[in-house]
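Report on the structure given below.
Chain naming follows the written order as A, B, C and D, and within any one chain the residues start at number 1.
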Amino acid sequence: MKKLINKPENVVREELEGIAYAHPDLVKVHFDPNFVVRSDAPVKGKVGVISGGGSGHEPMHGGFVGIGMLDAACPGAVFTSPTPDQMLEATKAVNGGAGILHIVKNYTGDIMNFEMAADLARGQNIEVESVVIDDDVAVKDSLYTAGRRGVGSTVLAEKLCGAAAEQKRSLKEVADVCRKVKDAGRSMGMALTSCTVPHVGKPTFDLPEDQMEIGIGIHGEPGRTRMPLKSADEIVEMLMEPIISDLPYKSGDQVLLFVNSMGGTPLIELYVTYRKAHEIATKHGLKVVRNLIGPIITSLEMAGVSITLLKLDGDMIKLWDAPVKTAGLRWGI
Amino acid sequence: MKKLINKPENVVREELEGIAYAHPDLVKVHFDPNFVVRSDAPVKGKVGVISGGGSGHEPMHGGFVGIGMLDAACPGAVFTSPTPDQMLEATKAVNGGAGILHIVKNYTGDIMNFEMAADLARGQNIEVESVVIDDDVAVKDSLYTAGRRGVGSTVLAEKLCGAAAEQKRSLKEVADVCRKVKDAGRSMGMALTSCTVPHVGKPTFDLPEDQMEIGIGIHGEPGRTRMPLKSADEIVEMLMEPIISDLPYKSGDQVLLFVNSMGGTPLIELYVTYRKAHEIATKHGLKVVRNLIGPIITSLEMAGVSITLLKLDGDMIKLWDAPVKTAGLRWGI
Amino acid sequence: MPIQRDDTLTWIKDCAKAVEEKSSYLTELDAAIGDADHGANMDRGFKAVLNKLPEAGDKDIGTIFKTVGMTLLSTVGGAGGPLYGTFFLQAGMKTTGKMELNLADWTEALEAALDGVVMRGKAQPGDKTMVDALIPAVNALKDALQANQPINKALQLSAEAAEKGMEATIPLVARKGRASYLGERSAGHQDPGATSSHLLLKTASLTWKDIS
Amino acid sequence: MPIQRDDTLTWIKDCAKAVEEKSSYLTELDAAIGDADHGANMDRGFKAVLNKLPEAGDKDIGTIFKTVGMTLLSTVGGAGGPLYGTFFLQAGMKTTGKMELNLADWTEALEAALDGVVMRGKAQPGDKTMVDALIPAVNALKDALQANQPINKALQLSAEAAEKGMEATIPLVARKGRASYLGERSAGHQDPGATSSHLLLKTASLTWKDIS
């Protein structure tokens, strides 16, 4: 295992210490339980937007705490959902009196931990709504299973809901924005290499030099199929087809195209990927009016990409363009 | 070789096509010769700031073209300096009548190609100043060799000079800012893994699973020493010591601390790295008043980090804080 | 003599030891059909429990189990955290005030724990989860109780039933938890949560082997 | 009969072929002490030259060499681009208007080319660069000219001198170019640029082996 770390069990704590040193203007870091909040929290009369999940997906979520996006983020151990006490304390810390939105990725652990936290918060008279993001078309949606995983749309929901909350919209309205993203966003990812969880010390899976995994999860969960490595253009087609056909998007739709690095894939390859994704979207008549390109929702040092397509309406475009000031996304301020 | 590419010889072109699709609001991409210019170039009465270098270091330089930073960037083949015709055409395209600054990294190829371009531009009555950045303390500075390599400070120079140019400072004043960065910035990097140049198809060097390379160059040039892998804290000490002792920085100095991913190292490790670097700087009495953390000047998918320390004065801080609107760095606008 | 308060402390400590020993194994099982953290999560949780246990001082068994539950809840994370947290919290509710447990008490506590897990995770038998180890274990306890078996014999039977349930998860296609993303590809692997559940019950039967 | 205009075209085409064949080898040499691109750069450049050559139509040798130089300059990049660009541009200047070259013309052209490389790169003999192959080659040509050798013999001697110069770079510690970053560690490796310079001169001696 080749990583810039000290002891595996200290990675998350030391990361948070680094964030605390680096961004005192943006966030405060709370330890035991661990959470990151906006430096000016709680903001009176504003809905608090909170997300959280296992560490190892940076900048998500801690890198998106700040004006116009998240009020708080709860980082768990690497690839492990955080615990209810973290979410409860974060919820209390950002409670400005207008209620709290929990943006939850659809993983059993995240769901259960956030559910317990929401129950505890309600017990303390804090109004909480939860929206579960489940946008990964690599997994078949089904009532009889855990359903689809939550991936790329989560960050887009965090941006749009954060902007809506900043406008002092009500909890229901902010949650409605989140539900819109949940309904209008679809993602799919692939891996060229595995990643190595620090406390495990060896790759989560073996991927031979000539193979790739299509439909990978952000925790290294095996994908849909393993197959011989193909060209970027062919890979992008394999990711875009299930995304576009799942919703379905129709000609004339305005979309945000989000090309994400799993961590180890550098920007030069993301632009090669973006090029083809943009061309395919355009060929389908979709209008790519906004985009996001970079390592945003990562899987440690895994090489690979995911693509997210989000259908936008006028309000969503305005929310996307609204100022945001976080370590991971920033504009207009 | 596992990469999201089509044919190796098309990587740079397809990357540029991706950039053109992605950022029409920020840049125009010119093909044959290849260069990227601000969408509003040339800006009348403003010094044009240009940089360039081999591809494979993204977001540097093309990702830093836009308001408040570069007017143009010239991308060469992967790890290969661009050619004089690219620089000449870029120079002409951004010539607003106030002269052009070439920010050049100290590599023989970059120096010679920029030199020829500057001569050609002067022949067309465009005033050109060139400043060569050589901040890599891993290489001994010497009049009898090619001298130190140019690395992390380059991007900081691009930001500060871009801001100075945006204020309509004169060519000499903008070049003075660049010289200040050249004098006040020092860097050093290390690699956990090699990178693979697409047209080569195999790693530039072999680095056994238990070894690391200290003092690596951004083109995979061998470093100072190869040694057994150490902890993040020990590695950061090995990078910070030569940086701090080279200049020397003194207690009370205000600095910008820049922790850079070589491409394959994810953000979680950068924050672990930043934590220790910040502590060491602070222990030396340095005041870390600004920072930059991320994959900024990369070496394809190489895993590793570099650290840059730049001494700041009041003017430099103001220039750093000035609005910037590029794909790779953005704030205040 | 029934299970004493101090015996429950010993069981918890033995669980912590067993989880530490089996940590890599549990994580390996989780790597195959999950995300390679079940062992590390449980180990982190039980290490925290060892630190917390002194706080239960000389309190009753219910307090001990609730302390374990709260600690697991706030340190394990993932799916395992809320599930095992709920498991011990529910067992603690049923044993509030008790300083010793007979077989009926233990059976009732475990049944409440199982119900808590089902309420929280909504897994059905055959979904390839820890529930598949816990249900047969609770059923075995009930049978043993009815047959008037001594405690250690009942514990042995329940551990064996859990082991069979655990092994029976191998051919199953997961319908709950992270493994369900794999669909058919989840078949052929033993469920990590069923494995850790069996480990806790087997440890009980070993720790309390002389209690009859 | 001296070297004809068409012979120079053949030489350039043979150079392109030789560079393509040796591309991986040159890149490997560059991987050891540089950045693994010298072969790819030269190959890209000479491929572009092949496309450009028809533009030189039936022009003089100077135009041909200048076309090669301009093309290399705008397609090779790195250190090799300006150096080989200058090399051919300077050779072109010296041969402006000429439709054939005798040994004195060729020697003069190569000397100008070498001077251009030195002016551009400021390398001294022994710095472990292409200059270390070019200087002995030019010296050998001058000697052969003085000794009234036939052209093919002179070309062979200059190629051999370039080869020796190239091999002599192996033990050197680089003081110019990317390899100089390595300091002492650059010793023990053959310089890629010296190797490509030798390749061009060796190709001349093969292409023109029947010209005397």
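We adopt the following convention: a contact is a pair of C-beta atoms (placed from the backbone, for glycine too) under 8 Å apart; a residue touches a chain by one contact, two chains touch by 3 or more.
Just so it is clear, the structure is predicted and the values come from calculations on it, not from any experiment.
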Chain A-chain D separation of Cα centroids, rounded to whole Å: 55
For chain A paired with chain B, centre-to-centre distance based on mean C-alpha positions, whole Å: 29
Distance from the mean Cα position of chain C to that of chain A, given in whole angstrom: 32
In chain D, residues with contacts to at least two other chains: none
Interface hub residues of chain B, defined as touching at least two other chains: 78
Chain contact graph, described as a line, ring, star, complete graph or other shape: line
Pairs of chains in contact (touch as defined earlier), listed by label: A-B, A-C, B-D
Chain A - residues contacting chain C, complex: 9, 33, 54, 76-86, 107-109, 112-113, 115-116, 138-140, 144-146, 149, 197, 199-200, 204-205, 217, 219-222
Chain B partner contacts - residues on chain D that touch it in the complex: 27, 31, 33-37, 40-41, 44, 73-83, 120-121, 174-178, 180-183, 185
For the chain B and chain A complex, residues of the former touching the latter: 2-6, 11, 14-19, 21-22, 55-56, 58-59, 63, 78, 192-193, 209, 212, 229, 231-233, 235, 263-275, 278-279, 288, 291, 293, 295, 298, 300-301, 303, 305, 325, 327, 330-333
